[in-house]
Each structure stands twice: as C-alpha cells, then as structure tokens.
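Per-chain residue numbering starts at 1, and chain names A, B and C are given in the order in which the chains are listed.
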Amino acid sequence: MPDTLLPIPTTDHFSVVRLTRAWYVVALSSELGSKPLGRTLLGVPLVLFRDSEGQASALLDRCAHRNVPLTEGRVVGDRLECGYHGWQFDGGGACRKIPGLCADRSGEQPGQSVPCYATREQDGLIWVYGEADERPATEPYALPVVGEEGYTTVRRVVEVEASLHATLENALDVPHTAFLHRGLFRGSGVTNTIRAVVTRTRDSVQAEYLDEPRPTGVAARLLAPGGGTVTHFDRFLMPSIAQVEYRLGHSSHFLVTSCCTPVHDFRTRIHAVISFKLGLPGWLVRPILTPIAMQIFRQDARVLRLQSDAVRRFGGERFSSTEIDVLGQQIWRLLRREEKGHEVQDEDWRREIVLEV
Amino acid sequence: MPDTLLPIPTTDHFSVVRLTRAWYVVALSSELGSKPLGRTLLGVPLVLFRDSEGQASALLDRCAHRNVPLTEGRVVGDRLECGYHGWQFDGGGACRKIPGLCADRSGEQPGQSVPCYATREQDGLIWVYGEADERPATEPYALPVVGEEGYTTVRRVVEVEASLHATLENALDVPHTAFLHRGLFRGSGVTNTIRAVVTRTRDSVQAEYLDEPRPTGVAARLLAPGGGTVTHFDRFLMPSIAQVEYRLGHSSHFLVTSCCTPVHDFRTRIHAVISFKLGLPGWLVRPILTPIAMQIFRQDARVLRLQSDAVRRFGGERFSSTEIDVLGQQIWRLLRREEKGHEVQDEDWRREIVLEV
Amino acid sequence: MPDTLLPIPTTDHFSVVRLTRAWYVVALSSELGSKPLGRTLLGVPLVLFRDSEGQASALLDRCAHRNVPLTEGRVVGDRLECGYHGWQFDGGGACRKIPGLCADRSGEQPGQSVPCYATREQDGLIWVYGEADERPATEPYALPVVGEEGYTTVRRVVEVEASLHATLENALDVPHTAFLHRGLFRGSGVTNTIRAVVTRTRDSVQAEYLDEPRPTGVAARLLAPGGGTVTHFDRFLMPSIAQVEYRLGHSSHFLVTSCCTPVHDFRTRIHAVISFKLGLPGWLVRPILTPIAMQIFRQDARVLRLQSDAVRRFGGERFSSTEIDVLGQQIWRLLRREEKGHEVQDEDWRREIVLEV
C-alpha cells in the first residue's frame, strides 16, 4: 500500500535549508535578564544566560549529566546550575562543580562539558552562531542607522509557521500586497507599470523599484503623506535578513530589517527592527503605524501557515514561478548554493523587469 | 530494540483499500454555495466551487504558484482566485490570470495549472471521480425512488473514524444490532432462526433475509407498526454504497442508501439518503425516526472508532470471522480484488446460511 | 537533507529496556472491581476482570472477532463479553459463545481465542506476567512487613513520563535530593561526608549508607524525631522494584517499596507501598507525611518528564556519570544484561565509595 495517494508526490522540501555556519538573532537584548532563557535554533535547543557582568552565553540546553534542560536551572554567579543534581557550567560550557563528589576533579573530565555556541550582543540584539564549539570567521551584520540622530527605532518579535525561505520571500514580495493586504497596502484598483532592477552579489540580492508612485493604502500614506515618487529597495542579505527601504527625497527614510531565525524547518522567528525618519514626528507615527503593521503581519502569518500546512501535507513544494516573483527564486538559489557548498561563478548579476503594481 | 512488543504483530492494514478509479459523493448539493468548499477524498485535499451558472467543479486544493490552499480564496465569475497573489483558475484547472505580470501569456505555461477531478451532480449529491485529469468510463450510481410520488426523502451526513470497509460492514451487519443497539433495534431476548440468501455479482453482494418476523425494538415498530413478516435486503454496491431495504407488502417501503466516502484510511464520511413510504404519513414518522436513527448511529460511530484505534495501535487487523459475518468478508473480497486488478472468475455466486436474530 | 541538526546525534535509547519475562504490578487490588479494567504493560493493552469468585485474569485487550477493545464490554458470570457482537471469553482467553451462530462449535476454532497473561494477586497488588500464553517459572515478589503487627501500610499509585530505568534511578538516587527537594529532604546547607557500601548480586543491587546523621528537612524529621544516626538502604530488585529502607534502632522502621511498571518506553506507573513503624503513632504520621511525600513526588515527576522530553528530542540519551551516581549505572547494567540474555560472570560484586550529603 502506498504511503500517499496525492496526485503529485514530492519527496523533498527543496526550499528548506539548514545553514549552521552563520549568525542568527535569537533574542532581543531586553528579553534576556538574570534567568536562563530557552531558544531553539535550527531545531537545536539552546539555553542563554548572562554572567555576573552581563555577558551573554549560549549553551546546548541539555545537562551533560542526566540530560535535563538547563533552562530549568538557575544562574549562580558566573555559572548555570542544573536543577536536578546541581552540576554547574561556565559560559564556555565547562563543568565547574559536581555537588556531593569527593573524588579529585582536577582537570576536566571528558563528557562532562556542554557544547557552547559563539554569542554576540549588538544593536539591542543577541546573535548566536549556529555551529557548536566553533570560532566564527565572520561577525554579525551591523544594522544601519540604529541610534543615529533623527531616527526612531522600534523592535518587534513575531513567529510564523513557515520555512525561512517562505518567510524571506514573503517579506520581500511586492505582488501579493495588492491581494492579501488589499486596502492596507496597495490594491486600490489603480495599477501602474513600473520597472525593477535586480542585482545579485555573492551574498545578497536586491530589487530597486524605479518610477514607483507612492503606493495606495493607509500604510503607504503614512510613509509619504505628501505623495510623490518614492525610491524603494527590497534586499536579501545571506542567509537570514530581509530589508525593505523607502526613501522620499532627503526628509523621509523608512527602513525595516527583519532578522529571520529558523527555529525549525517550518517555524521562523522574525526580529524586526524598524527605523524611520519621517516628515511627521516619531511619537505621532509610531502609535498609528504599529497596529497597521501588526494587521499586515497577521495576514502574512496566516497565509504562510496555510502554505506550510499544504507543503507538509503534500510532502513537499510544487511551486511555479514567473518573472515577477522577483526575489523569491534568487533567495532560494543563494541559500541552496551555500548549503551545497558550491563554488560561486555567476556574481554581480543584473536584470531588469517590468511589473504592474 | 523492536518497534513493538505487541504479541501478535501485524504489518499491514489488509482491510484498507484505496480505489481512485471510482465515483464518490463528496458533498450534498445543499452544502456547496457560492464560496469554495474544501473536501478530502482518499487523503487528497480538494476544493469544490460553482461557476456563474452553478456548475460544480473539483480541483486539487493547492495553488500552482505558492501552494496556498484554494479553499482560502474566492470565486470571481467562473474562476477560483487564490487569496495570496490572486492567480485565477477555471473549472478545468487552467490558470487564466496572473496579476502583475506584464509578459505575454498567450498559450498556457506548463506547471501553472491545477489538477482537475471529474464532477457530477444528481439526486441532490455531488459526486467526484477519484483520479485527477481523467475522463471516467462510467457514471455515478443513480439512487432509486428519490423523487417518486409517495416517498419522503431525508439526507444526513455523518463522519466516522473508521475505514471504508469497517463502515460498510457495520452498516450491513445484522448480528451486532442485538448487542450494540439493544432495545432500539432487536435484542429483546426473543430470538428467531432465519435464513439468508447471499448472492454476489462482479460488483455487488446482497443478503436477502427470509422468514424474518418484524424485528423487536422501537425503530422496528415504526417501520412496520402492524407487525407481520418483512422482506429485508442488505446490499453492497462497489465500491462505496451500503443499502438497506425493508418491504412490508406493497404499502410500506423503507430504503437507506449510505454513500460512504473514504476521507482518509481511517475516516469515512457517510452521505445517507433515506427514502420511505409507510402506512403512517412522512411528516409524522420523520420527527420520531430521526432521533432514534441518530442514537443508533452514535453507538455505531463509537464502536467503529474504538475498533479503528485498536487496529492502528496494533499495527493492523487480526479479524476472525464466522459464517454469520454475512457480508463483511464479501465486501473485503470485492474491494481487494478491484484494488489488485484481478480478473473476475467466480461471478454470480450464491449461498444460503442460517442465523439466530 | 539530514533528519536532525542536533550536535550530538544519538540513535538509540540505550536506557530503555523491554523485559517481558517478568512479573509487574498492573493495579492495586482495590482498583479492580466488577467491571473490566484497562491497563497497558510494555506497550501492550490488557484487560483485567474478575470471575464470579473474584479471581482476577488478564487478557489482551482486543476481541478476536473485530478487534474492539474488551474493556468496552462487560463481565457476564465468569466471562468477559465484547460490546460489539457479544462474543464471550473465559479467564484463559478461550471463546465460549458467539451469539447468532447456529453452526456447530464443538471444539475451539483457531483464531477465536484471545491471548492470556498469567495473573497473581497478593499484598493488595495485582501482578501480571509480561509474556502471553506462558506459564511463568517464578512467582511475584512478596513484600516484607506488610500486615505485620505494629506496621502501618499506605498504598499510592502515581504515573511518571519517564523510562523504567530513569524512574528507578531517581527513586534510589541520593545526590539530587539536596537540589530538587531542597528544604523538604536534605539541602539545608550543612553537608557530611559519608560512606556507602554497594553490593550487587545476579538480580539485585543495594547501597548501604554508613555513618549518616539523620538527614535535614521536614520529611527526615518525621522519620527520626529524636535525631541520631540512621541505617539507610537503597535497593533495586530486578527488574522493576526500588526499595528505600530507614532504620533508627529497633523502634523506628520505614520501608518504601516502589513497584515500577513500564507502561510505555517513556511512561512508568509506580505502585508505592509504604510501610512504617515509628515512635509516633501511624494515624498521626500519615496525614503529615502524605502531603510532603506527594510534594517530593511532584518535583521528581516534573524533572523526570523534562529529562524524557530532552532524551526524545535529541533522539537518545547522552549521560555522563560519576561514582556518586551510585545505583543508576548498576541498574542499567542489570537490565541490559537480562535483555541481551548474557551469561552472568561478575556476581557478588562489592564496592565502597564516599560522598558528601
């Protein structure tokens, strides 16, 4: 008896990639206090904690002794203590104390340490490197304009039931806005034919939309109350960042950097950092923009969950694309090439397309 | 370490069959309005919709673009529109519109259409053929007496957590009624020895119960208030119909046709069409008979679920049968033979048995 | 694509064993009345029932006819009757009645009986042998002091989401008490260095703690209100019993026998029989001791569930042990050796260790 009767059986999730040799945001700085904090990255349970000087560390969330999660323990000085038998580990994962044991423990015993993940804290974000016990060759991405004068910055965390690829594509996709977000962002019925220039480097791809009138919809009005032609960029930075940028002359600048973290194959945590400098004051824009942005997000989260459910139900994707799926295919290409460790040959690629928005 | 310690390991669900080249009822006509309707047939998610003239179609419930379920979209004229990017499909599954795309789309692109399932509507039922993109060689079963003068017809839909085979056997099984439905239908304590003649053709099997006094119990009294000897047939029509017929002379006729649809291996949707002409008027019988029938159904649904749970828990069936399991074994034989595509050699088989009821 | 990214993949649950040729407690005598009772042993669903003289039997919980669980039926005289078609089975599993069947049934038919499990009832416990249709070569363990003059006996049943091994180790582990049960049992901050003598036979292992002052904490005060040095034994009896014994001179004796039953690989049912003779009267100790014992149990149950979750999430255990994991490793060794049917060569092993408590 076959496992499935589905008419188009697919056997692989081609759009799911698992890149461990990369930095991912796992928490906002404000989320990690004096208690251990659990996070899952690429299916791996991690425990974050701060030592007595506030330095953040990330360990595998499993005590080396009897495998109880260390998130259930407590921080004692610079160490994380397991709640079952009280074994203590330092920020590097080394076992520093075994209560009750009288025998000599000079020198570390094999098997008593916990795998450790390189950790950085910057721009109000905690970044973790996805490979255990390895010194990364790179540093995390430094976010532009955060902290610069005149800019207001808002941070939001949301989780979606979707693969990293589907989440990134959705964040940078223009054509769906007129349908899924009808009335909130585009979709007024009036369409314009615009050009987009797509450029790709070895670790990024960007679409610049030319001649785009200010989009219709409530959200777009806030970005550019006076109308006019906007400069609009959608950017993907390997392997997990989706960045949307709007500029209107020198006065208005709006930048959303979504640091997307693959929790599991079909679950992604989005750490969105929204920085803006607009004609209107930040304290005025923020309370209006936030509920609209959250409504847009809920619509995206819902459709992404439906997509994931269908992909899992059918045992894989069966996507069909056209040229206006501007960035989705490029993102997939970059992610897969990295996963396979392929040599890079087709750099600095450039292409121009037209689409109606 | 073995996967299971169960004392009688079985490795196959021999009573589960998956016949795609057949018609199944997927909905009552009254269930499909102007919105898309989701149904699952043999594990395959389908979307049903009506075009502007009311004609029903069934497509695979997955947009060809990004695999979002089409049940989440809307009907626009004669087309079904996906809710994510607005792709539109006609009743045959062809893609007719891709919003935003400026490029020439004359001629259909491969991969942009959605698999389509032949659909018919008759007797107040919507039938779908289980194989995609295929023109069926047969037509759905036409229900007897529906719409004939003097008959009252009631339609009910219920779902059971059971295989198609277990559901069909239960619907046509006599011996369980005295135990499971004690007091409602048979089981008064007085038993009679009666004969049954079982006849089988290439695509049906029937048991005719001879010399049967009117059964005891509340439900049976309604069928034949004056008592007397009833003519009773239990019929299976390949691959999904269970039919029970009672006749008392020319005045009383009671016919239940259960169109059983395999949703999943262990979930079956029963579309029961009950037609009757009795000594009592239909408007009087109906409100009395319906709650009793639903009580009988709940008892059956419960035991079928328990049976399915046990079968799944043990990894397969381990049935033992006797000659009074009159139709169950014959149904299984017909279903399996069809699934295996075996040549038919033993047609027009006839057998007589006795049982106590 | 790999199935998991976990940094230390393990492919086997080395601490899970499945020993069927052994006696396990499946219920307290008081739990089995006149109705059939369902229990699961080593993943196998069983039905217990008493005949008209109160004799308990255990059968596989699956009717030989259509596989409906027999727990859903009823006891009729000395037989268990299935609720679907009324087949009746005796305490040995033989089918004694098939309602409706007129044909001669002299002599039992193959396939119509239900597997039977040897059953004993003693010390207020119902024991079942884990192998079907087999006459055990041994008898169940007879509990000490139950019913002896001067002793109070309390029975409690609790279930934990943990393997048999993890449950047994936890029940007999000393070092965790100061952390997990801080304040209730040990953990006051003052520690003592004590010796333990560990002795192993072919089917048991025992730790005797020497020179141990009365432990700190509320529970320990009740055991020995006057303080003093206690004699303390922790014992494992193959394959499922954990026994903790405290003696203080001749006047105080406290014995907890935990009969641990593997329901599934990661679910264990503990039938705890607590017998004590203390300086204080039983009616006074019992209402104070019971809530404290239940609080300790809830802390153990929680940590065991967390451990099981982690073990399953990581696909196996990765334990690291020291010499103060006194009994856990020995229990594992005895269980595994029995499972593999290895010859016994290293009997009557003895070892002395020191630990701080």
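As a convention for this text, a contact is a pair of C-beta atoms (placed from the backbone, for glycine too) under 8 Å apart; a residue touches a chain by one contact, two chains touch by 3 or more.
These figures come from a predicted structure and were not determined experimentally.
Student: Over half of the interface residue numbers used by both subunit A and subunit C, so same, or under half, so different?
Tutor: different
Student: Between copies subunit A and subunit B, what's the superposition rotation on C-alpha atoms, in steps of 5 degrees?
Tutor: With C-alpha atoms aligned, the rotation comes to 120 degrees.
Student: Suppose each chain is reduced to the average of its Cα coordinates; what separation in Å results between subunit A and subunit C?
Tutor: The answer is 47 Å.
Student: Can you list the residues of subunit C that touch 2 or more other chains?
Tutor: none
Student: Spell out the residues on subunit C that touch subunit A in their complex, using ranges where they run on.
Tutor: Going through subunit C, the ones touching subunit A are 1-2, 4-8, 166, 174-176, 178-180, 193, 303, 306-307, 309-311, 313-314, 317-324, 354-357.
Student: Name, in rising order, each residue of subunit B that touches subunit A in their complex.
Tutor: 12-13, 16, 18, 20, 42-45, 60-62, 64-69, 72, 82-86, 98-103, 109, 111-112, 115, 132
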